[in-house]
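Below: a set of structures, written as structure tokens.
Next come two complexes built around chain A: one with chain B, the other with chain C.
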Partner chain A sequence: MAKLLDKQRYKCALGAMQTVQAISRAIPILHSGPGCAQKLSDSIGSSGYFSPNIFPCTSINEKDVVFGGVKKLETTIENALKVIDADLYVVLTGCIPEIVGDDTGEVVSHFEDAKKPVLYASTAGFKGNNYRGHEQVIDAIIEQYLEKTDEKEEGLVNLWADVPYQDLFWLGNIRELENLLKEIGLKPNTIFGYQRGLENIKTIPKAQFNLLVSPWVSVGNMKKMERKLGIPYLHYPTLPIGAFETSKFLREVGKFAGVDDQKVSKVIDDHENYYYYLIERYADLFLETRVMAKQFSVVADAQYALAITKFLVNDLGLVPAKQFVTDDTPKQFREAIRKEFENLNYGLKAEVAFETDSYKIHQEIKEHDYHGYPLILGSYYEKELAEELFGHYLNISWPVQDKVVLDDFYVGYTGGIRLIEDIYSVAVQRWN
Partner chain B sequence: MSYKIAIASTDEKWIDESFGSAKRFLIYEMTEDGYHKLEERIVNPGSNYSAQSGCKSDSGCESDSGCGTGSGCGGNQAASEKVLLVSDCRCIVCKKIGFNVRKQLERKAISSFDVELSIDEALEKISFYYSKIDKHQSLRGLRKE
Partner chain C sequence: MAFNLESSNVATRENRIGSITGYIGSLSDLANQSKCGTLKGCSRCFSQSSSCLSTCALNQLSAIRDVAIIHHGPAGCSVAGANAYYLDKVMARKRGVTTSTVYVGTDMNENDTIFGSAESLRKIILEVNRRYSPKAIFVSSSCATGIIGEDIDSIVDDVKTEIDVPIVAVHCEGFKSRIWATGFDISDHAVLSSIVKPPKQKRNTINFKNFYESARPEIIEMFKNFDLEPIFLYCNSTVEELSRLSESLATTCICGTLGNYLGNGLEEKYGVPYIRTINPLGIAGFEAWLREIGRVTGREAAVEKYIEEQRAVYLPQIEEIKKELKGLRAVLGMGPGYTFEVSRVLNELGIEVVWALAWHYDKKYENGDVPPSMQYLLENDVDFEASVADQQNYEVMNILNQYQPDLYLSRHPGSTVWAIKNGTPAVYVADEYMIFGYKHTLEFAQSVLDSIHNRSFEKNLARRVKLPYTDWWYQQNVDKFLEEAKTNGKVVG
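Our next item is the complex of A and B:
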């Protein structure tokens, strides 16, 4: 459990209300104090049909602490069902009702026969951050809604990647991953974003397998689905950015799904040809040594720290300094992630620190010799630091304050090119 | 630490009156050894439960109906006589309570609980809650104990 309040890089588990919001026509019902949703909502694409300002909330106060808030919860759910036209209602608990012991699960069980599904996920802040909250919501869907089926659809793959809203590029990324899977002949099924909702959730049990693209978030969900629904899973720990990783990703997925090798190779070749055509055209820029920093550091969650490190080394040939993983990664996953950081091309290895203390991170970056100005990809907190060090800086992880992303993405071949464009735009601005 | 709790009840058994309609308040004292009834405080029949500086006239909000929301928003007005009557208590327990009165009490750091329970049950829960927070102990498992 992290101890810091300063420069937080994630939210409490109740931040999973954004995971619910990312499912079309699903709405969270909050059993929490009145300020929670306000504090947790970002203005990064969370307005619309449902927004944090209208999430039903029990707004519990001192009275509910002393005498219990279950009655209020019951009426809040009842009325939410009456006045809000949604497909799925997910009750999320904050810290207070969980500490004093409101039996939320029992109240939610009264709504088993409601016309619309009402689920419950325990997302008390003391149980972890919003990465864990995200897992809790998906667990709730698996445990309380999905049923095992023998009816399987050939080639259907449930695709899981980023944590919605926590990751700036979640929407664009998942769509691009879908496109890549479609190209090798698979039928991807995702539950987040535009036109993805309850129908997609209902489709989950029919899938041939689950595909998780993330170093650790949702590994537990995959295991749960394997146990309950009998769906095997492929865990691909690196978000594929750029040609090297994306081709590797497609080959591995193709092999797991039993797709014809030649078909996969054809897709890869087509993409790589165009990708390297672009790289070649700009080779003079990439080879101009003054433009780019000699070494780089990424300060981000495990997903992005790993993905971008691999991309910058394998595709752009940059040299990694120390990398910082800031998502409070559970201990049992750290060793495997560390190994991934050591598995880079050209025999390179990147040192990685699992650190949530921004002071220590900034101190280490300041003390490291980058052999010139550094390239720092991180959250908004690194902006000032980069300015101080006269480094190149790109905001790629939460919190994001100087970038607007609607459906842009960094994943895949095209995403790699986008990231190159962004990084080199920063670099050339210095010289022009 | 001892403190007082004001309760609105007609039969000294159940919390069955709203703050606005209460003709009297039962004052209980909470000590280390438990609680006991200390006294009764009778509401002055001429007094108005809305703010003193508000409608003092004979007409207007003299009625017993409602629960303290008599005079519009009442936001910055002084506390009503009824609030002053219980202003040495730590909390008020009644069946219902209006927004304005609640705000007036909050300004004096007095909590208000609108519940329909027996007096004993309410006092037990409140005393347990205050004993925990006074000792800076966790409220974990409040419901189960």
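Our next item is the complex of A and C:
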């Protein structure tokens, strides 16, 4: 049912055009109105090999609404194959063709024998948000392109984590997760970012297992791959930030993959030694920043709300006030995510609200007593609120206007240090 | 044309003033065909994505202070609210004012497309009103609500009894028009029909329609010379200010595409003269514009004195810099409110326009005349190859590849990068005042010069990146996908 979406923090399913854009040399073809791509793109970091203003689009008009737009879709795909130099074309539908009943799948099937693969995902805006759209695109790849194989590659792991572009740190995070997996002797395979494209997609069926690092996004994709391709999966619900969670993550992944314990322990020791060398040098800053309370709130999608809560509690010893998950998490996942928020060191439990109405979020933050200057990590919408509360603020979730990130990341040991740098770069600007 | 402010619907630019998005030929042919009424736009059988009229309409309205925009549709439509929030905050801060404008969505889902969501929308409107007490409320439709026939007019009528500020339905179905500038008309229509009141007293104000008011302080200073006070619209406007637009001495606009609906509407409904000269970009434009303001407001002498003083300061400097610009060849791609204005300025500066793209083209303005910028170029024997393309980047790249100009000028986010990947220096003419008056014409000339003096950035990048278009495309005529093109414009290779 329609609801009041006040200060919205996600896009619609067609926002998954950014998921396609994140696959190197893959291009979305939009069967939609002329301006959907422009609306759903972010103006920062979009001018890659392909950018939203060159995504082919049927630019549906009034006539197409009445008579259907399948003919236009046919010529758009046909000519996109001629004009655009891509490896993979993914047709995405907007609201209009799905309401008026265009048979997009049928049109796309005419291109089964095209020189390049042409896939199709149903991503009408009213079908859900861009987190769901992201899953739709991966489902389309699994259903329409991948085939089961008996040819398995030892140690090969398909790695899935963030929703590209919606997550500010998607590129850096996935590269750092790859690095960590390589260090314990695994061969990570991902499909997003620099030099990751169709070849990586083709490699997916050969993996020993799928590793999903996310509270809920792509769980359905993992199940689909398990059924269709016979690939088992490990669902690790917390994006590991900082030493505590990253070491736990490596142990769990190592165990699932059958990696030698000692090898994993050695990797962990090396990282933790350096990590605590840094922490030791800066511990005085953390302890003696008088202008920061011990309490914090994160306003973000489930991925970041959970990851940062765990990091600030388990690594830095802060105490969680209420946390806010804003991605419209499907109901069936909420209980498990809530349990994760309650699984913190020293029996601490973080109260969590699944809330998409930012007015209510802001009311709750205003009413909470943080016992000092609060630390608020959230979207750009929290900037002014934090100022009103004399709090510290960091823009870590969409929409982002306060930070430019090229390939920075918060994941892993190094990522934890980066997050600390960012938080205290804000705190030290105020007289201590 | 007759303005019907009783209906919340505005006819599209295509239907109202015969605007087109597809044409390839020359400037003179385009103008002559417009004049004799034979110009017919072409459609494309292949296109790349462009813009949505709802973005133009609702960005304009959400820039007004302390109002509420309720965008009834899926979350992708109202996503513009995120950017509006940012813009409102930074623009208000820049001006030293505050705004509590909100732009919310309704997160419409599949059930809503089947059963409708009139009751939910009604509750949402009332809740937004309760939360924020806005000074005006704009309720917008989207493609999805439009197709399922959600009657937002009735819902708005229904809540009027419970809300004591102006509330109006805004029809923003993106499929209605390929011309996103139709959105500007939609926002003007909403303001004219719901906020502007009949005049109580005439004031020495001038309605100045612009985008982001960067030159506001200096224009206020300039108008003091003529005892005139500009009211800038809609960025940081208040509802109270807008309600009194009918009391001004005249309406002017930095961009004809942006302002013609409001300007003509105020003229027709309330007798506020609309300044219809070429725009105040470059020397000829600035002088023609200012003189017309002087004429309409009866301040000719003060205007002439000002022009004379400013000429003495700036013309020698502009003449000096022209020596360095002479012989440069440019391609430009902008909305029509800028393409033919900037072409004139480039010509003034001695830069040769080899190809001009307009993202759409209005054959005539609301008053039935050919746009003044076109008229001026024709009268001054300026001609060049021209096309109309709604930001069709592949056509731009084909043209840049063929002509290899010294620079590419464009005005829309995400467009300059493609030129530099081609190795062509690009000048982003984003700020609407970038070429305003003598001072900014000089600055513009300087930034063109700076852009071509150091080509390191584009050369470095172009050397390392591959362009996304196939060799096949670069071998095609730029009008390859234009249907009926060959009967309209000349075929170009």
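Basically, the second predicted complex is superposed on the first by the 425 of 432 C-alpha atoms of A that agree within 3 Å, B and C clash if a C-alpha of one lies under 4 Å from a C-alpha of the other, contacts with A are read in each partner's own complex, and residues count from 1 in each chain.
In this text, a contact is a pair of C-beta atoms (placed from the backbone, for glycine too) under 8 Å apart; a residue touches a chain by one contact, two chains touch by 3 or more.
No experiment lies behind these values; they were computed from the predicted model shown.
*Asks:* Given the touch rule stated above, what does A:D85 touch, chain B (first), chain C (second), both, or neither?
*Replies:* The second partner, chain C, only.
*Asks:* Taking the superposition on A as described, I'd like to know which of chain B and chain C A:S46 touches: first, second, both or neither.
*Replies:* After superposition on chain A, A:S46 lies in contact with chain C alone.
*Asks:* Considering only touches as defined above, state whether A:Q144 meets chain B (first), chain C (second), both or neither.
*Replies:* Neither chain B nor chain C is touched by A:Q144.
*Asks:* After the superposition on A, what does A:S265 contact: first (chain B), second (chain C), both or neither?
*Replies:* Neither partner.
*Asks:* Who does A:V100 touch here: chain B (first), chain C (second), both, or neither?
*Replies:* both
*Asks:* Who touches more of chain A, chain B or chain C?
*Replies:* When the residues of chain A touched by each partner are counted, C comes out ahead.
*Asks:* Considering only touches as defined above, state whether A:V65 meets chain B (first), chain C (second), both or neither.
*Replies:* So A:V65 meets both chain B and chain C here.
*Asks:* Using the touch definition from the top, say if A:G15 reaches chain B (first), chain C (second), both or neither.
*Replies:* second
*Asks:* Just to be sure I read the superposition right, which of the two partners does A:T203 touch: chain B = first, chain C = second, or both, or neither?
*Replies:* After superposition on chain A, A:T203 lies in contact with neither partner.
*Asks:* Intersection of chain A residues contacting chain B with those contacting chain C?
*Replies:* Common to the two interfaces on chain A: residues 62, 65, 99-100.
*Asks:* Tell me, which parts of chain C touch chain A in their complex?
*Replies:* Within the complex, chain C touches chain A at residues 45-55, 72-83, 85-86, 89, 102, 104-113, 117, 120-121, 124, 127-128, 131, 142-144, 147-148, 174-178, 180, 390-391, 393-394, 413-415, 417-418, 465-470, 472-473, 481.
*Asks:* Can you tell me which positions in chain A touch chain C when the two form their complex?
*Replies:* Residues in contact with chain C: 1-15, 27, 30, 32-41, 43, 46-47, 49-62, 64-65, 72, 75-76, 79-80, 82-86, 94-96, 99-100, 124-130, 328, 356, 359, 380-381, 383-384, 398-399, 401.
*Asks:* Spell out the residues on chain B that touch chain A in their complex, using ranges where they run on.
*Replies:* It is residues 111-115, 117, 122, 125-126, 129, 138-144 of chain B that touch chain A.
*Asks:* Which part of chain A faces chain B closely enough to touch in the complex?
*Replies:* Touch list, chain A to chain B: 62-63, 65-68, 99-103.
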